[in-house]
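Take a look at the structures listed below.
Shared chain: chain A. Partners: chain B in the first complex, chain C in the second.
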Partner chain A sequence: MNQINIKVNGEPFTVSKDESLETLLLSYQVNLNSVALVRGGQVVPKTLWAITPCEADDEIELFGVVAGG
Partner chain B sequence: MLKIADTVFDSRLFTGTGKYACANTMLAAIEASRSQLVTMAMKRLDFHSGSDDILRPLQGSNIKLLPNTSGARNAQEAVFVAELAREVLGTHWIKLEIHPDPKYLMPDPIETLKAAETLCNKGYVVLPYVHADPVLCRRLEEVGCAAVMPLGSPIGSNQGLATETFLKIIIDQAKVPVVVDAGIGTPSQAMQAMELGADAVLVNTAIASSADPILMARCFAEAVDTGRSAYLAGLGKVSAVAQHTSPQQAPLTAFLD
Partner chain C sequence: MSLNDEQFIHYSRQILLPELGEYGQTALMSAHVAIVGIGGLGNLCAQYLAAAGVGRLTLIDGDSVEVSNLPRQLIFAARDSGKNKAKVCADKLRAVYADCDLIAADCFIDNANASLLLKDASLVLDCSDNFETRQLINLCCVRDSIPSVIASAVHFSGQLLTVDLVRYPQGGCYHCLFPCELKVSQRCSTTGVLGPMVGVMASMQALQAIKHIAKITPNAGELLRFDGLSMVTRHATLARDPSCAVCHTKVKERTDESN
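Moving on to the complex of A and B:
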């Protein structure tokens, strides 16, 4: 069983076991410098993305910047 | 020169990035405004709808970015949004705004004070958006806020300085910069805020929703400069009765008596 199921912004997603958060983000084609990643309600600092693997049933939320006053 | 925390600003006009028809107009309007501090919001990414990248061009300029906590309904959520913003933008500056009521967007004073204290203790430079409440502004100053941002009238309403009497008290008492935020709808209202002695104003809707945002941004920049100069020059006293401007002597036509 090399695949695990996670959720990203509420939508189901399948990743390889041991895939890092950074690799996951790259698959979303987002600019890594303009995203915040929250896992299980906690902000995961950018410096940890490359060394933190996704885990089964992770609920990941991605946030970015939008126009506002 | 305006100084907030460790940063000096040449311009006393702060602007927002919301409500523009497109990113190019927004960038051109911000440039015309000469603003050196612009606000933005945080949002959960939506992979199904494309949106203009407003961040990249602004990051390439010398404009300071001020993320806000809009969308937070209480202190805990606001602190969380501030952490997200710091992660994305690498800034510990935060415009603290907590307005759970969607109709009037009135800032919640209790949650704002609570969040301000937490964020200041965590080392953030906190600029809280609040009602024009002189007591609350003092309390926010006491917990360490770098500035206070009282409202002129409801956000985006263009109603001007409905809170003028209280803004004057806040300006009189404050030991931190006072930025009049929200409700400023015309350049003359921005000028009025500056004449009262506000340290800066934050304008978004009035510029962004104008038919020519770039021209309007320039008008606001000029109005803010003029209002500041008038404040420094010192406004004349207001009097209930007329005061002669011509020399008072025996009546000019006394010889006719």
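Moving on to the complex of A and C:
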């Protein structure tokens, strides 16, 4: 099997090779409308998640919007 | 605009900074900053910017002071309860900072009044307290080509970014990062927040604003997240969403203009 190891918010996670960021979020059981995504220190806009594949050793950060002040 | 002797002494500790100098101080004195939301973030940003010598501040808030605001909205006192936040803040700052022209707008920003309220502003500080207002401010700033410094704080989480499609088109806008369909789970009124947590974010927002005005390496195009529990700060490079409903046409216009 073509499995690759990545990290999501610092925790190890395994996904299939060529899995998209969107598929990753779904298998991570995250509502797509609840987070922003940073991959390797770079924001990936939501419209690109479905067409951006995960790569080995990716460090993914997921976080919600903070709107208060 | 040039500095008189009195101003030179008054702002000497700022002018001493080689990054700021007389150029930066003059830029501050010529700047017009609109602050949307005079709550936890906004009252502190207003104080810092007025004290730094920003020439004109427009303070926008339709809300009134409540006693539950006092632990983090340091400019207000119990006797201000029930009075409009923008007006009270403007009155108090006017009495202390003679170089700053203070305008108070005692209304909430909305689709109909936004362009008028932000008219002539050279920079907008988004100090608002809800996602819908943040989207509206972004929309107006992108449409009217006004850069914005955006900060937020709830619980022990803070976020800070600068949107400037002229200087940093590749960073995109607020909507590129947080599209409007996003669901927000936490609010100050329901989750709680500490005064210094808001203070950290407000200080960073005011610092970014001053640097932006003085054109000092402004980290535009970068998102900063601060965790007040672990005290960890994380940085990420912002990326424009090529199909962003808000800034797509604006960035296209700019590219067409420069071609």
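Everything that follows uses one rule, which is that the second predicted complex is superposed on the first by the 63 of 69 C-alpha atoms of A that agree within 3 Å, B and C clash if a C-alpha of one lies under 4 Å from a C-alpha of the other, contacts with A are read in each partner's own complex, and residues count from 1 in each chain.
We adopt the following convention: a contact is a pair of C-beta atoms (placed from the backbone, for glycine too) under 8 Å apart; a residue touches a chain by one contact, two chains touch by 3 or more.
Model, not experiment: these values are computed from the prediction.
Looking at the shared chain after the overlay, A:38 reaches both chain B and chain C. Within the superposed three-chain model, A:63 lies in touch with chain B and with chain C [touch as defined at top]. In the superposed model, A:48 makes contact with chain C only, not with chain B. Shared contact residues of chain A with chain B and chain C: 31, 34, 36, 38, 43, 45-46, 61, 63-69. The residues of chain C lying in touch with chain A in their complex are 37, 39-42, 126-131, 134, 151-154, 157-159, 172, 176-179, 181-188, 191, 193, 198, 201, 223, 225, 234-244.
Interface residues of chain A, counted against chain C in their complex, comprise 31, 33-34, 36, 38, 41-48, 61, 63-69. Those residues of chain B lying in contact with chain A across their complex are 16-20, 26, 39-47, 51, 53-56, 67-68, 70, 80, 83-85, 87-89, 155-156, 202, 204-205.
Those residues of chain A whose C-beta lies close enough to touch chain B in the complex are 9, 11, 28, 30-31, 34-38, 43, 45-46, 61-69.
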